[in-house]
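Same chain, two partners: subunit A is paired with subunit B first, then with subunit C.
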Partner chain A sequence: MSQRFQITRAAELESLQMFRDFIAECCAHHNIPNEIVFELKLAVDEACTNIIQHGYKGMDPGSIVLAFRIEPDRILVQITDFGHAFEPASAPAPDLNAALEDRELGGLGLFLIYQTMDNIDYQASQDGNTLTFTKYYRP
Partner chain B sequence: MFKYLRLRPEPDRRDPLANIPITQLVGDASLPVTLKALNSLPENPKLRLYRTLLPLQVLAAFDINPRTWQNPEKQIQVRLQADEGSEKVKISAWFGQNPENEFFYLELADNPYGGIDLNFLIASDPHSPKFNTDFDEQGRETLFGTVHRNRAEEERAMHAGLAPGQTRAGLRCSQIIFTHVETFLTLLAHHALTLEPMTYASAWIFERRGFAYARGHQLMDIIHREFQPGGALHKALDGSSPFRQPEQWQTVRGRAWAIHDGILETIERKWDNLKMIKQVGRQAGVNTCPNTLF
Partner chain C sequence: MNIQDIQKNGVTVVQFSGSIDALTAPAITEHLGGLISSGQIRLVVDLGGVDFTSSAGLRLLLGAVKDARAGGGDLRLAAVQPDVMKVLKISGFTNILKLFENVDDAVASFG
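Right after this comes the complex of A and B.
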């Protein structure tokens, strides 16, 4: 038995809190462990921040559609936007050994998602860009 | 926050399938077919496919046979324009003898990215009073009030409950129409439909039909916020014109007329460059005007 949730908001920083609250609310109904909720919020926050700051750069911001499907042992997350596409494979890996003062700001978003989520996939087309990831958990 | 990841600018999305001939698509049902390819078909198969765009319920309401497009007097009531070489399809239906008396007009077009745009959709009640908002006092076409305006007629239309751009009351069948358009898109293996909402009121309707914003979601949020008491647009409803009356903030139509009248200049914005997208089979659930009546 799975349940689907969805929220669509403008791609602006003010929407991030709404996405966090939405995740917390969806997870609360299904007794998802707190650490899983925290990681989901972190991953969604990073992905949406990227869309806001880069995806809709130079455009009047459009929508971000955040969809969740909660299943007994996993949560599937789908984030769709209609801005510029990106190429995850061509992203440089962050140098985690570099001294803090030598590191550039940002660049950890995808790294964090890969570290915390499972089965990450990204599809870009003229119909929208969709980042999908799964988080397995033990109830 | 990601860095360096947004590498592909939008224009590169031009679909290599955009010019694929219809014959190459017979073998693979998952390949999207362009309207240009469809228009290259012989007349009869083309007609069979495009017939799906016209809602049966709408035709039935005007006694038009959905197969022959004739009325009971055997007069043709529907016109299809889908010429070979064209990237557009236009379908119009009218009531009575005069083809100019259209109650339905739909125009779809291929876009440069391999998708399909909805250029125009008109579904109006031919039995309702007509307002000449489409021509100004000098007889020039207003192009929905975008290049010229007929203020006297617009005022009459507004008081009759119409939204900007309308010449008659709507048929209230946009849900059925979009169901048919989505079915048609699925038949062509397309995944989405894009459009540019002409007015604030039409954007509101498209939101309810499941569209999200590729551009302009933030603008819609700003408009809603600034129409609230204390907001800049609320203050600009100062009675300085018939289209800027204080109570207009309360309805989508009232706001739409004020926006049509140029009230967004108050916040240094324009009603321009919005783009909406409907993913086939998916409701985006956008509502940028919560707790607001139409």
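Right after this comes the complex of A and C.
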């Protein structure tokens, strides 16, 4: 048994809270553990922030479609946008052991997605760019 | 996002409440930058009321702690909530920032 949820919002920073609230609301009906809900909110927030700040850069802001499916042991997330394609795997990973003065300010968003989510995939086509990932959990 | 400053024993305690994301981070960055540039470099950030942070929060803390330490001060965290603590740990920030269970301990740590 699974249930699918979807929300479409403008690609603007004001939408971030709406995406997070939507995730929390949907998960609340399925007794998803709090730490899993937080990690989903974090990963979706980071992905959407990248789309808003980089994907639609130089373009009129379009939309972001967040869809996810809750299954008994996993949550499948799909985020689609219609801006510039961006390959997440091409981004450099931050150096977590660097001294304070050497730590860079960027690169952490994607890193957090990779640290908290599984089965991360990215597809770009003329119909849009789609980032998918899965979060497994113990009910 | 609400921001409030309190002075305690020569330390500026900055209280945030709400969520830190790419929308709310610039106002916090500006606030901390204003304190540091006015010479308030002994800072405690009280995160007791913050239930969410993205990497936008990490970036602003990193920038502010670098500036505070460059001036001979420091920025220390207090009352970090479990979800926010997880983000700090994953990203290695617990190694570069000093964390305290509550504001009083963080203020006292400045001596």
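What to note about this one:
Quick note on the criterion: the second predicted complex is superposed on the first by the 139 of 139 C-alpha atoms of A that agree within 3 Å, B and C clash if a C-alpha of one lies under 4 Å from a C-alpha of the other, contacts with A are read in each partner's own complex, and residues count from 1 in each chain.
What we mean here is this: a residue touches a chain if its C-beta (ideal position, glycine included) is under 8 Å from a C-beta of that chain, and two chains touch if they have at least 3 such contacts.
Note that the structure is a prediction, hence the values are computed from the model and not measured.
Once subunit A is used to superpose the two complexes, subunit B occupies space next to subunit C without a clash. After superposing the two complexes on chain A, the angle subtended at the C-alpha centre of subunit A by the centres of subunit B and subunit C comes to 130 degrees, rounded to the nearest 10.
Applying the stated contact rule after C-alpha superposition, one finds that A:17 touches subunit C and leaves subunit B untouched. Once the two complexes are overlaid on the shared chain, A:60 sits against subunit B while remaining clear of subunit C.
When the two complexes are overlaid on their common chain A, residue A:3 makes contact with neither subunit B nor subunit C. Touched residues of subunit A, counted separately for subunit B and subunit C, are more numerous for B. By the document's definition of touching, of the two partners only subunit C reaches A:42; subunit B does not. When the two complexes are overlaid on their common chain A, residue A:85 makes contact with subunit B while staying clear of subunit C. In the superposition on chain A, contact of A:116 is made with subunit C only, not with subunit B. The superposed arrangement places subunit B and subunit C with a least CA-CA distance of 6 Å.
In the superposition on chain A, the residues of subunit A contacted by subunit B and by subunit C overlap at 46, 49, 53, 105-106, 108-109.
Interface residues of subunit A, counted against subunit B in their complex, comprise 6-12, 46, 49-50, 53-55, 57, 59-63, 65, 80, 82-88, 90-92, 104-110, 124-128. Listed in rising order, the residues of subunit A touching subunit C in the complex are 13-14, 16-17, 20, 34-35, 38-39, 41-42, 45-46, 49, 52-53, 94, 96-97, 99-101, 103, 105-106, 108-109, 111-112, 115-116.
For subunit B in complex with subunit A, the touching residues are 1-10, 13, 15, 111, 113-115, 191-192, 212-221, 273-275, 277, 279, 284-286, 288. By the touch criterion stated above, subunit C contacts subunit A in their complex at residues 19, 21-23, 52, 54-56, 58-59, 62-63, 65-66, 69, 83, 86-87, 90-92, 95-96.
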